[in-house]
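So, here come the structures, one by one.
Note that subunit A is present in both complexes that follow, paired respectively with subunit B and with subunit C.
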Partner chain A sequence: MTQNEQSNPTVLVADDEIEFASTLVARLKLRNFPATMANSGKAALAAIEQDQPDVLILDLKMPDLDGLEVLASLKENYPDLAVIILTGHGSFEAGRQGMELGAYDYIMKPVDLNLLLVKIEDAYQSRTA
Partner chain B sequence: MEQINADRACVQVFAKISAAISHEIKNTLSIINENAGLLEDFAQMTEDAGGIPPERVRSATEIIVKQVERSNIIMKNLNRFAHSADTYLAHGNLEETLSLIVSLTNRQAAMKNIKTNLSCPPDITISTNLVFLESLIYLTLLTLFQNSEDGSTVLIQVIDDAPDITICLKLKNEDDLSPIAYPDDDQKLLAEQIQASLSQEKNSLLLSFPASVD
Partner chain C sequence: MNILPGFIHKIVPYAFKSSSNLGHKQRSYGQLRLILFSVMIAIAMAPVIITAGLGYYNYKDLLQKEERGQMESRLDGSIKSIEAMVNSLTSVVLFVARNDRYNELTTDNNLRQLFVRIKRQYDFFADLGVIDHDGKQQSYWGPYDLQDADYSQEQWFNEVIAKGVYISHVYTGYRQVPHFAIAVSNLDPNTRKIWVLRATIDAITLQKFVNTIKTNASDDLFLVDDEGYLQTSSEHYGQVLSQLNSGIVPGFQMGLSHAGENILYATGRITNTPWTLVLVEKRYIHHQDWTTFRARLLFIIISCLFLNLLIVYGLVTMLTRLIKKADEMQMTMLKEAEHTDRLVSIGRLAAGVGHEINNPLAIINQKNGLVVDLLLISPDFEHKETIFGCLREVDKSVERCKTITHRLLGFARRSDVHSERLQVNKIVEEVLQFLENSMMHSRIRVELQLQDDLPLIVSDHLQLQQIFLNIINNGIDAIGKEGTVSIMTHVAAGEVQVVIQDDGHGIDQEILPHIFEPFFTTKETGKGTGLGLSITYGLIKKLDGDITVRSQIGKGTAFTITLPIQGEENDTK
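Moving on, here comes the complex of A and B:
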């Protein structure tokens, strides 16, 4: 990890749309965020178990486990993990449910990256304060 | 009254299809958005004298083109389904009709990693209320998906038994289908409108209807 990367939170992007997740990871890396991706709910849980990130960007709808199921599992086992939900549903209900399950915030797709960066920083600070 | 209820069932199918398609289009737009942003990042890199990595630019533009094509196909399918309601009775090619409905269920199938395999003779023409038929096939496919294991394969086969046609939707693995309530009330309503009969046999859901109701 470079000096610049060390000052930024580590981010895991969990989304089954590979081209979305990989591009978002690439853009985060260009901004010196150590970022990785997982393309299913199970892969996300395995990645977290192996190397817990500081912040998880979590898609709500994935084929094997949906985001709310992943969130429920994480809340118990990884209380320090800050989660930002990705939703494309056009409904605030999904985001609200996620926050009731312990997510820090949510953001709608297509993602405004500048807004996401602010949320990542805020989410990380909320856990380390 | 039955007609009104059948129309209501069709509206609900339109609603389900619209919800699934809006989710898919959001995903394609998200991918396009990210890749456009990445290209902007690369442009910034040249300003900062870092240089643009040409392969990555090419990759980003290819992804954008692919997602535009994906969105176009999704919208084309929605448009075709919407036009099924143009006239009460219409002629149609059965293989094209089934291909359309299978495409419209792609998202639901993907959510359970279900593969669908369509086998239909290319020259069967039907004359019926297409939107009722398509809605019925759509709901029947969803019933099968909901009651099968993740990773199943669904075979869609057609038996031309003139003057009737039977569409057989079955699971490749006989053990996969749990006992289900088929047909439900909406499926019964739609079936009545096109004189179809619905049944379940072991690992299959069967839909038989007259090829022509002229």
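Moving on, here comes the complex of A and C:
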């Protein structure tokens, strides 16, 4: 929390596609965004509890808890967490539900990293504002 | 849909069943037509033929009865006339043979004088004879020497003694001239003995009389005796005293003449004589009536048949054409439904493929990005620029794939249906504003025919924009440079129709049915995804609308988008 003013928001990437998640984390880190990853819904919840990230990049389709279930549980415990849904599978209906459950935005994979960074900033700003 | 009861089903020929079966694949219209035609003609003609047949036989029967009646009455009249003549002759003989004249007449002179007197009145008397009760001729006056002839053994003599009057057959006798005899018996009051007066009469008398009562020249009227010898000459059956050899039997009969003509004949006994009168007529005295009737009947039947043929032919042709049309419409509808079905399933498949490809694509994208990121912070090395170039190309390809997968998923950020009341014309204008620059650049003119009082429709603003944009873009692409895009809006059958027409190169009829299929494109590789029209089609279907296309090579293409005025969501309001 102390480095909020002078540095970028911390990001948690929750995606069961390890190759995708790890690469995204690596690229975020290269751009000075402190990023970690979780490869399942439960792992994501645990990581949030432990690391308290500013922004969560959430896949919808995951093995144990899917993205919408994670969102539902976050809405109660971490209402301030900014969530961006980033999915390759998402049905339109799932996207709409995600937005209703408090997600800031909904992006289809594949995504241009620069665009994602803009969204991360925007999401983060909207929560801290 | 079998409406025939079981037993009828068994007897109806297969051809008819197959023809009457709705939507039968191999329905033979020729056969159906033939069956319909025959059945209808049969139904139409049966009453006519039955009525005509009844009329024919009834009229024939009536005419025959009439003919018979007339003939019988004529025969009756003739018989009565002959009987009257015979009676009058008999009376003359009876008058001569008065009770008390036996003695007077047995004197030769007296008989002669009487004969002369009678002859003066009735010149057909040939001779007179008086015979006593023993059968011996006591007195005779005539051309032969018959004095004292003995008739006691003759059959006629016994008959006249028994009956009082006897009329003989016609016979030739000594003179070889046909004649007949009338004999009467009487009781002499003096001797109390029976005596007989016999008169011979020329048969020519009979002939003349029969000739006089014969009214119709074409008829034949003659007398015949019990043995079948002609008593008077017949026109067709021979001369007097010849044997009648045709099979004429008593009563009213029909038969054939010697000449082979149809004849009717009737016979009747002349009382107290051995004669039978035969009246022969040519059949069909009402022949004229009959032929007229028959001709009229035939004319009516043929006219009916002709008229029926004409009407039934017309009806059947119309019916078959209607059935054929209905079948064709059904087939078209089936084909359309199949087509829509295929589009939907292809769409579903495409969406599935999109989903599956999206994730690996995202990994490629990220890996590529990471490599680029790392290269950017790495010191220069050999081939670095080449590697950069390659990675940029990978990135471009990923972008292309992304465009496809995103479109496949039909997933814009707001692709749900937000129903609101919309002015279609306004949306068209918005889209045109958006395209203004690119159209100006391509020197494409826009012609608008927008119905001013177009009703508001309940639909989704953004999706309609997307739809019009896609179709108009399609037109712009088809035109290339210089041309006209016409947009018309109007209400048709309670729905709003938007017609977007271009005068571009048109679409080949062969590929026209495929243009709404995903990945179907005529643009060169890399320039079109082949998804524009497919997505447009999906969007329109989602809005409960419809899209149809007409096109002609070289002339252009017209898309007609039909949108319901009342969207489903707002139906309850």
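Structure notes:
FYI, the second predicted complex is superposed on the first by the 120 of 129 C-alpha atoms of A that agree within 3 Å, B and C clash if a C-alpha of one lies under 4 Å from a C-alpha of the other, contacts with A are read in each partner's own complex, and residues count from 1 in each chain.
Definition applied: a residue touches a chain if its C-beta (ideal position, glycine included) is under 8 Å from a C-beta of that chain, and two chains touch if they have at least 3 such contacts.
Values in this document were obtained by computation on a predicted structure and should not be read as measured data.
With both complexes placed on chain A, subunit A has more residues touched by C than by the other of subunit B and subunit C.
Look at A:Asp64: by the touch rule set out above, it reaches subunit B but stays clear of subunit C. In the superposed model, A:Pro79 makes contact with neither subunit B nor subunit C. After overlaying the two complexes on the shared chain, residue contacts for A:Tyr106 are found with subunit C alone; subunit B is out of touch.
Applying the stated contact rule after C-alpha superposition, one finds that A:Glu19 touches each of subunit B and subunit C. The residues of subunit A shared by its contacts with subunit B and with subunit C are 17, 19-20, 23-24, 26-27, 30, 88-90, 109-111, 113.
By the touch rule above, subunit C contacts subunit A in their complex via residues 355, 358-359, 361-367, 369-370, 373-374, 377, 398, 402, 406, 409-411, 413, 415-416. Put simply, subunit A touches subunit C in their complex at residues 17, 19-20, 23-24, 26-27, 30-31, 88-90, 92-93, 95-96, 106, 108-113. Across the complex, subunit A is touched by residues 22-23, 26-27, 29-35, 37-38, 41, 45, 56, 60, 63, 66-67, 110-113, 150 of subunit B. Contact residues of subunit A toward subunit B in the complex are 17, 19-20, 23-24, 26-27, 30, 61, 63-64, 88-90, 109-111, 113.
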